[in-house]
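Note that chain A is present in both complexes that follow, paired respectively with chain B and with chain C.
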Partner chain A sequence: MDSALIPEGAKRCSFPKFAIGIAIVGAVLLWGVYAMFLCWFKGLNQTNMNDYYGFALWIWADLAVIAVGGGAFFTGLLKYIFKVDELKNIINFAVIIGFICYSSALLILAIDIGQPLRGWFIFWHANVHSMLTEVAFCLSCYFAVLTIEFIPNILENRQVNRVPFFHHLAHNMHGVMAIFAATGAFLSFFHQGSLGGVAGVMFGRPFAVREGLLIWPWTFFLFTWSAAAFGPCFTLLVAKITETITGKKLVKDNVVHLLAKISGWMITTYIIAKIIDTIYWATVTIPSLGFKLSHFYTNNSFYGYWILITEVVLCGVVPGALLIIKSTRENPTLRLIAIVLGVIGVCLNRWVMVLQIMAVPVMSFDTWALYIPSWQEIATTILPVAYGIILIAITYRYLPVFPQEQELNSIEPATEAE
Partner chain B sequence: MFPFNFEWAWDIAHVVFFGGFWYAIGILGAGMTFCILKAAYDTMKGNGASDH
Partner chain C sequence: MKQENNKAHKFGMVIDLDKCTGCGSCMVSCMSENNVPFKEDESNKKDSITWMRVYKITNGKSFPDTEIVYLPRPCQHCGGKGDHGHSPCVSVCPATATDYGYDTGIVSQIYTRCFGCRYCMGACPYHARYFNWWDPKWPEGMENYLSPNVSPRMRGVVEKCSFCYHRYQAARDKAYVDGRDDIEEQEYQTACTTACPAGAIVFGDLNNPAHAVHQIVKPDPHPDPRNKHIVGKSRNPNVFRLLERLGTNPKVYYLSEREWVRKAGDNYLEGEWDEIKNHHGSSSHD
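Right, the complex of A and B next:
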């Protein structure tokens, strides 16, 4: 039915099977869209936000997708600026994942502001003393970069590419992609950092506050570093899931090993910095503010020392070690464990820096405030996942996302294509 | 956002924030303009297709 749109020589499932899959995920998407409209039309009373929690569950999702979407800028930086040529075989997919993550982040922010018709105020009436203004600027601009990086892949669709103008446009965009990638890296450095900086400058929240360099707290650098470190893990994880679902090998092992190795070294260096930061915070910063470390991890039913150990050791030190050692990196099972732990680790870090901050009592009369999100928050948090699955399914079906696919899955041409 | 907005001030914060913002927008806009114009030129000239 749609065989004319499918990349030449590629084998895809039948259209009805594809449509059924999209319909099932589409139902979940519609559930999220319904919750989103409830938040827009009835207001933020649809959430369980209160005076303790100005950040709903979706703000954690927002920071998490931005962190895991960091694979796009970092892979682009390596490919176009540092000329790591092997990564050309996974850069399209990294860009698509980045596009999904950042469009999801912007959608979440559009829900979070509660009054999306006034979303443009953040640009028009910008508060130039706010790190979140910088985040909004950089997010919007970087989403434009990702769109620009995604366009050539769309223009390479079998039918679209037959139009001479689109063919030349794709070719020319590839030619100047290094400029866009460099701009993307510049923007990513600042918005990833500023998201961490927001936590680090909250001097009224001893759990979050950090010393730093000039106006930037250490969390600024740790957030950028962690996004560059764990983002490629997410790219590899989604590539692995796509390979499993399609039953095909889509990226050669040498490319996967290279990206895993780079990610492993980034994770290891990041986690060393994170451990140093945590020790300094626990032994110098907290006592200077009149607190003890135990204050942040005891006397409540959820946040214990386990969360710190899980984030730093199990989901930081372990994946870093597994990915830098050649034998474990090249073992598919151990590599998969490492990248899954890495993705969980960075999401857990964002959880701690968004939700645990809000839960910790600050005043002597305060108590721990654990947060239970409303179903509308959960639905709007799942919404980007459904959207991402649908977009990956459509792009994989109709666009030449994986340059090595045909070589790795040689089939008889023409008649095999469904 | 623009110097003609009532809250605009010629201070370091506005210059840094909006300098960076317009710098990024300028690069993206100029880059895309170049690509589109060159694609139109190549199409009109009938340049041969090449792989990227």
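Right, the complex of A and C next:
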């Protein structure tokens, strides 16, 4: 019944099957929306956050989606600025994932603040000394850029593209996309970095604080670097999931190998920097404040050295190595393991930089504080996932997201989709 | 007519922990004075609002060597690294909803501007900042006892100790009416100071040598030679600040003759305390 909207020559499942799938995920989405309204109308007492955990699950989710959404700016930078032309076959998808991640991040922030109607104060009464101000400005601007990058793909819908104005608009927008890609990379550098800076400038929190360059703590650079490194892993992971669900090959291996290779080198260089940062922090920064490394990883029931080793070695060194070695990179199973580990690694890093900071006692007579999120927090955190699945399903069905799809699946161009 | 007050104050407090009995009068008077709302069940201290919180600390020894100290903890009104006014919380607030008063040294909270991001709470190592998780409610009739000088806070914003700033404003107004340029020491005292039955809290201007707080603390006007971020270190060997090594530069000082109490105020590596305990600012190096 919606065949007229489906890209020419593309084969899609029947509409009822599609609708049932959307309805199932939609039910999860509605559960999240219900929890979201509870938080808005009844307040943040619906959460298990407290005065020790002012930053909790949502802020982790916010940082995590922004980190994994980094594939959009980095792929855009490579494609449009560094002219890595093969990436044109995955750039649409990277942009859509970025769009989902960043719109989710903005939604999470809107739920997270105690007075949502005053959210605009961050722009109106901006404190130029605050990293969060920089985050708000760059995040909003970059979301606008992502929207601009997404529009040409929407205009390529079969019916929309029939309108000459939209057809030409899409064509012309593609022509100037390099400007937006460059703007996006610039903005991303700052907001990814300032998200890292949010933690690094907290000089009252020895677990978070880092020295740095001028006004920027080292976490500023590490966050930008890690988003550029692990973001493409997430793009590849979601592409793989989409391929598995649709039962089709959507991106050629050479494109996947190239992005995986770039990601591998970025992860490896990032993890070297991260290890140096950790050693410096552990041996110079915290001893000067009266702390030993063991203070942050012992005497509590959850945070042990395991989290540091998992983040840095298992989900940092290992995926980096697997992706830079040609034989392991081109092995589908090992590559998948590497990108899954990579995504877990960057999410774990964001967890540590939000939740562990709050958990660690600073005053000598204070105690560790652990926290378990409420169902409302979990539902609103799953909400963006459901929204992302729905948006990917809709865009995949109705937009020519993957330029190589037809070629890889040898569909007869004349056939109308079911 | 313009009201002028050109002399910069630096209001601060010193709390004698050897006098504090842990009675909680400071907490009660603070809540009453500042219209602090409370919950029906206050057993979960991690989400109840106590601008002034009394911690109970022990020396960790078993009977008969056990010793206990009660440590009242208001907002520390940090001056930040180098005492330049960039407190941990003030510097991070994205909407300038918390501010450092360079004329008083007081860290204020602008409730109507705060949008509840709670970054300031994360940045404060003293847990001195509290979020209004619920609408403020008082039992029927009790709202009649609310102070008209302090605005109650709405759900979704952060609040904290203000050093009873409204009392400073009232004292300043009175001085103005009397035709005086400045206020007297006793004209501006916080609620907790006046309520403490043991007289453990002394409040005043750390910049004014005539004030008791200055005389007890004897703040070092020079940066600490061991850590240039630390300013105003006490030259009294029995006085210390909480987490002084972080460079937050609090204006709340603590006094105790007991060494283990002074040691509990900060974190030290093994063997470090013995080296540091006799260091009392730049004068130690004279």
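The definition used in the following text is that the second predicted complex is superposed on the first by the 413 of 418 C-alpha atoms of A that agree within 3 Å, B and C clash if a C-alpha of one lies under 4 Å from a C-alpha of the other, contacts with A are read in each partner's own complex, and residues count from 1 in each chain.
Going forward, a residue touches a chain if its C-beta (ideal position, glycine included) is under 8 Å from a C-beta of that chain, and two chains touch if they have at least 3 such contacts.
Please read these numbers as outputs of a predicted model, since none were measured by experiment.
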First (chain B), second (chain C), both or neither touched by A:H168: first
Chain B versus chain C as contact partner of A:V145, first or second or both or neither: first
Touched partner set for A:K326, first chain B, second chain C, both or neither: neither
Contacts of A:F186 with chain B and chain C, given as first, second, both or neither: first
Contacts of A:F291 with chain B and chain C, given as first, second, both or neither: second
Touched partner set for A:K17, first chain B, second chain C, both or neither: neither
Which partner reaches more residues of chain A (counting touched residues only), chain B or chain C: C
Touched partner set for A:V198, first chain B, second chain C, both or neither: second
Chain B and chain C footprints on chain A, overlapping residues: 124-126, 129, 133
Residues of chain A defined as touching chain C within the complex: 43-45, 49-55, 112-116, 118-119, 121-122, 124-127, 129-133, 135-136, 198, 201-206, 287-292, 295, 357-358, 362-366, 369
Sites on chain B touched by chain A in the complex: 1, 5, 7, 13-14, 16-18, 20-21, 24-25, 27-28, 31-32, 34-36, 38-40, 42-43, 46-47, 49-50, 52
Footprint of chain A on chain C - complex, ascending: 44, 46-47, 55, 57, 71, 81, 86, 88, 91-97, 113-119, 121-127, 129-135, 154-158, 242-243, 245-248, 263-269, 272
Interface residues, chain A side, partner chain B - complex: 123-126, 128-129, 133-134, 137-138, 141, 144-145, 148, 152, 164-176, 179-180, 183, 186-187, 190
